[in-house]
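There are two complexes below, and they share chain A, which is joined by chain B in the first and by chain C in the second.
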Partner chain A sequence: MTAEAARATDRPVILSLAGLSKTFGDTSAVKQVSLDIPEGEFLTIVGPSGSGKSTLVRLLAGLETPTSGTLKLRGKDITALPANRRPTALVFQSLALFDHRTVGQNIEFAMKMKGVPADKRKARAHELLALVRLSDSYYERPVTHCSGGERQRVALARAFASDPEILFFDEPLSAIDYRLRKTLEVELKELHQRTGRTFVYITHSLEEAMIMSDRIAILKDGDLIQIGTPAEIYRQPRDRFVASFMGEVNILRVEDGTFPDIGRPAPADAAGAYAIVRPEDLLPGSRDVTAEYAVTQRLMLGSRTQLHLASPSGASFVSEIAGAAEVFQVGTSHAFGFDTDRIAWVDR
Partner chain B sequence: MRQGRHLSALRTLWIVAILAFLYIPIVSVVLASLANTRYMRFPHRVWTLEAYGDALSSFTTWQLHSISLSIALSVVVLSTILGTLGAVAFARYDWRGRTWFQRFMVLPIFFPQPVLGLALLLTFTAIGIQPSWKTAALAHLVWILPIVTLVISVRFFGYDVAQEEAAYDLGATHVQVVREVTLPQIWPGIFSGILFGFLLSWSNLPLSVFTSGPDTPLPVWLFSRTATNYSPLVPSVAVIGTVVSALIVVGAGLLLWAGRRLR
Partner chain C sequence: MSRTGSPGPWFAAPVAIFMLLCFAGPILIVTWFSLMPSRTFELTAAFTLENYVAAISDGYARPMMWSLLGAAITTIVTALLAWPSAIILHRYAGRWATLVSALIALPIFISESVRLFGMSVFMMPRGGILAGSLNAAFGIEIGSILNTWNAALVGMIYIHLPFMLFPLLLGVSLIPADRIEAARDLGANRWQVMREVELPLAAPGLMIGALLTFVLCLGANAEAAILGGRAVTVITAAIEQRFNYAQDWPMGAALTVGVIAITAAIVLPVLSRLDLNRLTKR
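Let's turn to the complex of A and B:
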């Protein structure tokens, strides 16, 4: 366990899920999820479409009532507490800004509902505008006159205005173009550090999760199948599903002590039925397990090159190497290999 | 840019033609009301406002308007309330039988109005209700309520429902959610519903003919007097009726505008 993860578990648990389930008719969207979230953590929940991410976060926010299971906030049972009385705020996928109102009115909404006087609301709204890096001139602007990135920030400010102990995010960046998304991811991470609040973030992009999170939870068909720091999940995925979810990887089946895809013996200490080899570990030259591969595709990734390879038996592989790699032209064959200590073993 | 000039000339001509098509009939009613004979001969030998004097001093004119107004206002109040509730059921909540509700609700619009009027009259007499302006209002409601419900429903489909959840999540009570999000969002629909309800009821003839009994709404009187006992009084009452309804609509618009400014 890394030092960071150890520190995370020292903190008191703010939200505790025990056997939380939700079924709609005969689909079980969330199945028996148990999880402790320490105070101040940036937890990301990742999973493919339909895996129950939105349902899970709606359960946590109180917008959906669980079919079974309990939810505790600092040890107090809040399973039956409705969303409007939970000290949490959800940033929706569609943002759900009040489009008949101005930026200022959107941000002040939670305070207005609490009966905070108008001048105090306004002062706080200006503070929050500064927090999300919007100038004061936005206060009077209708939200319909804001760009995608600005709307994003308004939604964030509006959520912060309710002074929530936990913020939930349901894929709020999914509709935003790549470069702006990168900027906002960094800002969100910074905001997390600056405010010290607990963030539960949902995405279907593991890349996004890797950048921002303290811990990542992986959801598949409503089941929480793995949880750990980004490094743990990267180094030791639980199964082929998690491994392939992390990006392009090479998966080698072990059969009777050999790798049939490359026709080489598997190491004697094989610790699972499949070997996961990352593209950056499959490199040119002779290593512990070496074979001949034909280059089928050569893609430049800025300072790195991605090579798509085919083994003599026709299985596809991916290798990522530094530089332009001029010698690896499509159609040529070369020796590539990986070291056994770079293998992640999985059984499923 | 010769072509541009031709195009814009054509467009002007087109707009003028449309406006003429819409307004010539109305203008001819106004012209007819300025005569003093029962026979239309144009131009009039005598131009006079006599018919307006007769209309304004006649008790019938006032009675016609008060009956039509009673019907229209009852229809507006009931159709707005029921139409809003119906729109919620129509557009928002997922319940068993919603699709059937959606289909059956619009069905009355497809009945020819005279058939609907006759059917309602037969029903009223069968269950022993004396026709009056109240039964006429009920008859109008059968036909107008579906339209008002549809008009309001459109607004329910027109905004992101998550806004209501967001408001609730940010600490609003259910009542506050309705006041702060739902009503402002569907308000344009309700306003159009009120306008539609008023104007459709105010000008309705085929349902009123059958169901108003001894009370005579404006369009029924206009129809029967045109058919049997025409005089310039008829177009003058028609013009007065149009002005009254226009004033009501404009007045409502001004109230709305003033309300917006105040808030």
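Let's turn to the complex of A and C:
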């Protein structure tokens, strides 16, 4: 937490959420969320579907009004300010491009609403096309003639055109194929570094969050349950939910000083009720905690291999090792172990 | 293609025959009659353009102007009334919206003449429903617009509102909610959202509603007769009068062809810009 405290002091807070809540009927989508976002940060809010993350970003953009709580932009209360008067822009999950207009008209929309003269709008639109790596020829093109990746870039340029102080992203990459998504994630991170703007990004994929963010906030059932840098979240998840949300992990219950799932004694300095062991830390050979496992599945991940293991008591485990690992055929048994300093301990 | 190929033409045949007999046929006969000498009942004389010349010189431009003006005013007023109604009905769709839509649609199932006579009773001076009730309840005495051009306009707006509202409702339902939110987020106020997003996206519905209302109003006769008390003569009344009282079929036919030509000149350019595929979501 010291790293976080340092960050909070060296940059002024641009957006401050205090007890922000939203209820629809009897369901509360967002519960008392408090959070300070420093200027220029790339913050990602991660949560499974139904966790209230979309509602939260809609509250921030001004498309929903909170049931209670306040929202401050550079210390100024903007809770009651409607979306069109907030200096923020949202990139929608659906992108919400104006299909009846050209790429240029889409990008110029915010400037046209402000009454910027046509020649200035056009010049700025061309700058923004260059910023999102689209050639000038796209200016006249109807948005309906653009591919998925091009539409993403148009949506991004359109959001930038309003010269927003904060950009919000509501899972804009969720409908895009894997390769293009990876490219756009890197481009988005570069764009953040080049422009220095504050980005608040919403996603259900912690992997996506890890790649891009300065800080990650994890949302579950409308509650903010952990905030930290990607490394902090990865090394020290707050509970089993956060740990398993990050990808496949091995969770070992501690009972009376032992791991009952593998029938081995737990380390004497066990700091929690559960031990989280990442697949890349459960490796063949003898280590601090070693046991015999049967291989139930062998999956090639390219340069790595994922092994699905079963302990003698029948509990499932996952191991990820380098190379093709030809010896670990399905049905064979091998000794696997992990070192105690690789364990992340959680209580829940 | 083989001889037993597509059965398409056979399936289209009943409609094609119907259209030939009941649409193309009458237009052909009316056009033919319009080229006959005045006050004849045969189609055998030599073609002449005298009826068209007479139509212009005899002052039929005036009834045509009343009809066009009435249709234009009705189209604009119904569009202005229907736009907010359609937005509200779409946004708060649910039990109430269904009920309200049903109440608006219900009068269509009642004969137009019955509704217009009802309107006439409502508007009547002194003992009429409106004037009588106001007098009895509040002691207020008002005049009446019955038997004026304004009364005819009120009648036309009343009769044709559903023909504007329902296509417009369909058009408004084509506007995705996120586009409106995106426009708001990018700084557009209510008015700008309507001009930049809602109107262009609802345009197909608006155009269909406008075409229906405009064309129906050009052919409307009962409103001017029942509520307008023939304060002005609309073109349909003039045509009816030529065919019936004056027994001048060629003249009536020439006026009819004129109306068809003017209608086509207005409707076809609009129709050609209409993207029906977008409306039916194909």
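Here is the rule we go by: the second predicted complex is superposed on the first by the 339 of 348 C-alpha atoms of A that agree within 3 Å, B and C clash if a C-alpha of one lies under 4 Å from a C-alpha of the other, contacts with A are read in each partner's own complex, and residues count from 1 in each chain.
Definition applied: a residue touches a chain if its C-beta (ideal position, glycine included) is under 8 Å from a C-beta of that chain, and two chains touch if they have at least 3 such contacts.
Small disclaimer: the values here were computed from a predicted structure and weren't measured.
Student: Could you tell me whether chain B and chain C fit or clash when both sit on chain A in the superposition?
Tutor: They clash.
Student: Quick one: is A:S94 in contact with chain B, with chain C, with both, or with neither? Answer first, second, both or neither.
Tutor: both
Student: Does chain B (first) or chain C (second) touch A:I276, or do both, or does neither?
Tutor: Neither: A:I276 stays clear of chain B and chain C.
Student: Which partner does A:R158 reach: the first (chain B), the second (chain C), both, or neither?
Tutor: In the superposition, A:R158 contacts both chain B and chain C.
Student: Overlap of the chain B and chain C footprints on chain A, residue-wise?
Tutor: 61-63, 82-85, 88-90, 92, 94, 96-98, 100, 109-110, 113-114, 158-159, 161-162
Student: Which positions of chain A touch chain B when the two form their complex?
Tutor: Spelled out, the residues of chain A in touch with chain B are 61-63, 82-85, 88-90, 92-94, 96-100, 109-110, 113-114, 158-159, 161-162.
Student: Give the list of chain B residues in touch with chain A in this complex.
Tutor: Its residues touching chain A are 159-160, 162-163, 165-173, 176, 180-181, 184-185.
Student: Where on chain C does chain A make contact in their complex?
Tutor: Interface residues on chain C, with respect to chain A: 176, 178-179, 181-189, 192, 196-197, 200-201.
Student: Residues of chain A touching chain C in their complex?
Tutor: 61-63, 82-85, 88-90, 92, 94, 96-98, 100, 109-110, 112-114, 158-159, 161-162
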